[in-house]
C-alpha cells in the first residue's frame, strides 16, 4: 500500500468524526467525545508513523487528484509533503490531541458537549487541510473553513451576546483580510498562470522577475490574509475578544492552529514575497509585538493577558518572516505552540478550580493548592520569557540572531524591548496568581484539577522545556535551505552562545530585566508576610522602597500611560472609529440609496425612463 | 418634401414620448395603462413603417403578435386593477405604497 | 395626396394622443379612453397609407373595438367619480417632461446622425393572404405560443376577477 | 423537422393543460395533491431530458426556420428551469393553505411560466424572444397577485404589471429599430450584418432598448427598481421562481443577444457593462444593509447577484459566460433552499420580519442549518457554491484586466460588495441562532418531499462548492456554443433563406408553391 494513503487518512479522520457526531451521535456525549478524541489521537499516531517513513527529506512530494480543470486553470486537490508540512502535522495533531483530552475534563458539565467536539474536529480538519494543501485554492478553502469553524467555536456559548458578537467580529475581521488574500491569489494566478506552490516556485526561480511590477502588491495582498488570521495590526482586534470562547478553544486557536496559520502560510509562499513586501511585514510584526506587549501589562483578566501575549509572539514570528528568517519563524511558532497551549490549559485549570473566576487580583497563593498546575505554568512562563534552557529561549534567540545577521538593528531593539516586557508581564502574572497569599476565599478552597486535565499539562510541559534543542529548527532549515549538520544534543544546548553570542546574551539580559521589574513590583503588592518581617530593616530597605517608588512614579507611570494610550487607540481609533466609520458610512449610504425606493409607481416609472435615457446617452452620446 | 420613413419614425417617437409622459405624470392606474397602450402603438407604427420601407413583411407579423400580446396584457391588467379596486376602493397610484424603502 | 393624408393622420394621432394623457379640460378616464380610440383609429389610417391593410383592420377591430371596450367596461364598473378631480402635480409633470424629453431628444439626434438609408421604392403589401402564409409557416411557433399566452391570460382574468374567493 | 426537438416544451404544456382539466373532476380536497402530480410530472420530464435527449453530432439543431435552436446552452437552461420548477412546485404544495382559490391554476400557471422559460432559452429570433418573454411575464403578473386577500400581493402585482408593460414597450420599440436598420430578426443572420452597422446609431439605439427589456428581467441597474417590492409582496413560491427562473431566462437571452447576435458590437460596450455591473452590485448590497424584511432583503440581494453575473457578461469571454452559468447553478440551489425555509417558517405570518426567524434553531434544526448554509453560500464563503461561482467570475474579469484596467476596478468593487453583504447575511444567521424567545416556539413540521428538496439543495450547494469540475465542464461546453454556431453557419454557406423554404414546403405540402417573400 502506498504510504501516502496514510496522509489522506490523517486529514479526513477528523472530518469523518465531525460528520458522524453531527449526524448520529449528538445525544450520546461519551461516544461523540470518544470519536473526536480518538480521531485526532489516531491522527497523531499515524503522523508519527508517516513521518518516520517519509523522513525529513527536503525533496518535495505530492499526492494529488484532479479537482478542477477550467481551460488553462488546472487545480488538483493535493497534499504536499515536505519538512515544513510534515513537522506541522505532528505539531497540530499533537497539540490538538492534548486539547481534546483536556476538553473532556473541562467541558464535562456543558450541555453542548457533543456539539463542542464536532466543532473541534471540524476545526482540526480545516487546520490540517491548510498545512497539507499543495495549491492556493485548496489552501484558501481550508483557510475559510478554519474561519467558519472558529466562528462556531468562539460563539459556542451563543446564548451570551458577547460571545456571539466576538464570533462575528472574528469572522468579519478574518474575511476582511481574506478578500485581500483572494485578490492576491488571483493576481498571482493571472501573472504566473498556476496556483500550485511547487510550480509557482519553479516558475519564479526560472524567471526572477516574472511577477514584474505586481510583485509587491501581490505580496502585500497575500500578507493581508495572514494579517487577518494571525491577528496583526490593524486587524488584531478580534483576537482578545475571541477569549469569549471556552478555554480549550482559546488554547487551540492561540497555540498551534488558527493564528499560526497566517505565519505558516507566509512561510509556505515566502518565495513570492519581494524585499519591500518583506520590509512591511517585518515592521508590522514588530509594531504589533510592541503594542500588544505594552497592552498586556495593563490587563487583569488572566486569559486576556495571555491573548495579548499571543499577539505579541505572533508579531515576533511576522518579524522573523519579514527578516527572511522563515525557519526561525516556524521554529518560534512550534515552540510557542507548546508553551502557549500549556499556558492556556494551565489558566483553564486555574479558572476551573476557582469556578470561572478570571480576574488575577482575586487569585493568589495557588502554588500550594495546585502544585502541578503551578510548576507546569512556571515552565511555560520561563519558556515564554526566553530563559535558557527552556524552548522559548532558543527560538527567540534565533530571531535576534537573524536580525543581527540582517543588520536590522531597529527591529532587533524592538524585539529586545518586547522581550523585556514579556518577561515582566508573565512574571507579574505568576507572582500574583500563584505566589503570595490568597485574595479571596475561593482560592483557599481551590483544588487541583482532575488527572484528565493534568496529564496534558505535564506532556506539554516536557515539550516546552526540551523543544529548543530536539532538532526542530534543523528540520525547518532543511526546508528553507542552509541546513546545518545535525549536532549532538549537548552541542545544541549551547548552540546560541556559539553561533550568535550577542543575541543570546541580550536575550537573557532582557528576560532578567523583566523578571527583576516584576519581582520588585509584584512580590510586594501581594500581602506576603515577608515585607512585614523585613519592614524593621533600616536604610537599605528604605532605599529599596524609595527606588521602588521612583520606579513606580516614573517608569511605571509612563508605562501605564503608554499602555492606556495604546489600549485607547486600540479600542477607539481602530475598533471604534475605523471600523465604525466604515460600517456607519456604508450603512448611511444604504439608507440614502433606499430613499429612491419610494414605493410610488410614478417615481419608479420615472427612474426607469431616466435609466433608459442614461444608458442611451452613455453609448450614443460619444 | 416627400413623406418617407423618417417622417413616420418621428411621429412614432412623438407618440412614444407622449405615452411615457402619461405613465409618469398621471396618477390614475387606468390612464397610466392607456398611456402604455399608446407607447405600444408607437412601436407598432415604427414596425409597420420599417416593414413597408424595407420590403419585408416580418415587421407586420411582429405587429400582429404585439397586438395579441397587448390584448392579453390589458385583460390581465384590468382584472388586476379591478381586484385591487375591490380591496382598496381606489385606483390611485399613491395608495400603492404599502411596500417601500 | 398621400402626403397630405399622412400629415392629417399624423396630426390627428398626436393630437388625440395628447388628449389621452393630458386633457386640459377633463381628467375623466372615460374621456381618455375615448381619445385613445380616436388615436388608434388615426393610426389605422397611417397603417393604410403604409399598405398594411390587414393590420389596419386588426387595429380597428381588436384595439378600438375589443380592447377599448374592455377599458370602458372597467371604468364603468369601478365608478371612478372621485378620479375626475385628479390634478397634475408639478413634480410629476416635470419628471415626465424631463424623461420623455430626454428620450425624444436622443432619438431625434440619433435619427439625424444616422438616417435610415433605405430609399428604394416601397412595395411590401400587407395583405391578408401574404401575412397568413407567413404566419402559418415561418411564424407558426410564436403563433402557438401566443395561443398559450391567451389561455394564461384567460385563466388569470377569471381568477383575479372572480367574486367569491372560495 | 424533428418533432422531438421541442419535447420539453410540449410535455410541460400538456402537463399544465392536464392539470387544468383534472381540476374539473377532482373533489376540492384532492386538489392540493395535484401539486405533487405536477412536481412528479416535471421530475419525469427532467429525467427524460437527462436520459434520452441527446444533441446530434454537430451539437446543434434548428427548427422553424432557425427560429428555434437546441444546443448545449439551451439544454443546460432547460434542465436548469425544470429543476427550479420542481422545487417551486413542492414549495407551493406547502404554501397551499395561503392560497384561497384556484390552487390548481397556481400550479398550472407555474408550469406555463416554465414553458415560457423553456422557449426563451431556445430563442434564436427576436419574435420568439418577444413572445416567450411575454409568456413568462404575463404568467408572473398573475402568479404575483395570486393572494388576492392580501393587499401586498395585489400591490406587488400592479407594480410588476406597470413597470413590466413599460419595459415591454421599450423592448418592442427596440426590436422595431433593430429590425428596421438591419432587416433581420434572426440572431445569426443579424450577426452577419451587425459588423457593418457598428456606426449606425439608430441600430445601437434599438439594441440598447432591447437590453432595457432584458435588464428589467434580470433586475440590473437602472432597471432594478421593481424587484424589492415585487419580491416582498408576491407569494413565497412565486418569489423563488422569480428569483431563479425569470432571472435565469433573462440571462439566457442576454447571452444569446449579446454574444450570438451582435458580438462585434458587444465588444465595444465593455465600459458600459463594467459600469452597470459595478453599480448594480453596490446598489443591491447597500440597500440590503438596513433591511428587516427577509423577502425584501433577498430582493435586494438578488439585484446584487445580478450584478455579479453581469461581471461575467462584461468580461466578454467564453470563460465569463461559462462562469455565469456556473454561478446560476449555485444560485439555483442556494435561493431555493432559502425560499423553501422562508416559505415554511413564515407562511402564517404577515410581514416577514427577520425576527420571525428567531429560535428557528430550536424549532427545526434542519431548516435553521439549511438557511444558514444558504446565507453562507450567498455571501460567497467557501466551501459553498457561491464562493466558487464568484471565484470563476472574478477570474474571468481579471483575465481581461490586461486590456483594460476598468476590470481591476470592477473586481475591486465586487469584492467590496461581497464584504458589505457579509453584514446582512450574517444578520440573518444571527437571527436564526439568536436564543431569545421565539414568537412561536412550536416545532415546524416538515413534509417528506420538502425534506428531500432541502437535502437536495444543500447537497447541491456543497457539491458545486467542493467538486466543481463536472459542472464547470458542462458550463464551458454550453458557453462555447454561443459563438461556435454562428461561425459554423456563416462558414458553410450564405443560407439565410434555404432552411426556411425547405421547412415551409414540408409543412404546406409539395402542391403549394413556396410563397415568395417580398
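We just call them A, B, C and D in the order they show up, numbering each chain from 1.
Everything below uses one rule, namely that a contact is a pair of C-beta atoms (placed from the backbone, for glycine too) under 8 Å apart; a residue touches a chain by one contact, two chains touch by 3 or more.
Model, not experiment: these values are computed from the prediction.
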Original post:
Which chain has its C-alpha centre closest to the mean of all protein C-alpha atoms shown?
Top reply: D
Original post:
Quick one: chain B and chain D, Cα centre-to-centre, how many Å?
Top reply: 26
Subject >> Geometric centre distance via CA averages, chain B-chain A, whole Å >> reply: 65
Subject >> Intercentroid distance (Cα basis), chain C paired with chain A, Å >> reply: 71
Original post:
Cα centroid separation between chain A and chain D, in whole Å?
Top reply: 45
**OP:** Going through chain A residue by residue, note those that touch at least 2 other chains and give them in order.
**Re:** 594, 597, 599, 601-602, 605-606, 609-610, 612, 616, 620
Original post:
Of all residues in chain D, which are in touch with two or more distinct other chains?
Top reply: 127, 130-131, 134, 138, 141-142, 145, 148, 158-159, 162, 166, 180, 201, 205, 228-229, 517-518
**OP:** Mind pulling the residue numbers of chain C that touch at least two other chains?
**Re:** 92, 95-96, 99-100, 103, 106-107, 110-111, 115-116, 123-124, 130, 134, 139, 142, 146, 149, 152-153, 156, 160
**OP:** For this assembly, give the contact graph shape among line, ring, star, complete and other.
**Re:** complete
Original post:
Where on chain C does chain B make contact in their complex?
Top reply: 2-3, 6-7, 10, 13-14, 17-18, 20-22, 27, 29, 32-33, 36, 39-40, 43, 46-47, 50-52, 54-55, 58-59, 62-63, 66-67, 70-71, 74-75, 77-78, 80, 83, 86, 88-89, 92-93, 95-97, 99-101, 103-104, 107-108, 111, 115-116, 118-120, 122-124, 126, 130-131, 134-135, 139, 142-143, 146, 149-150, 152-154, 156-157, 160-161
**OP:** Enumerate the contact residues on chain C facing chain D in the complex.
**Re:** 106-107, 110-111, 113-116, 123-125, 130, 133-134, 137-142, 145-146, 148-149, 151-153, 155-156, 159-160, 162, 164-166
**OP:** Name, in rising order, each residue of chain A that touches chain C in their complex.
**Re:** 602-603, 606, 609-610, 612-613, 616-617, 620-621
Subject >> Contact footprint of chain A on chain B as seen in their complex >> reply: 20, 23-25, 27, 32, 93-94, 96-101
Subject >> Contact set on chain A toward chain B in their complex >> reply: 594-595, 597-602, 605-606, 609
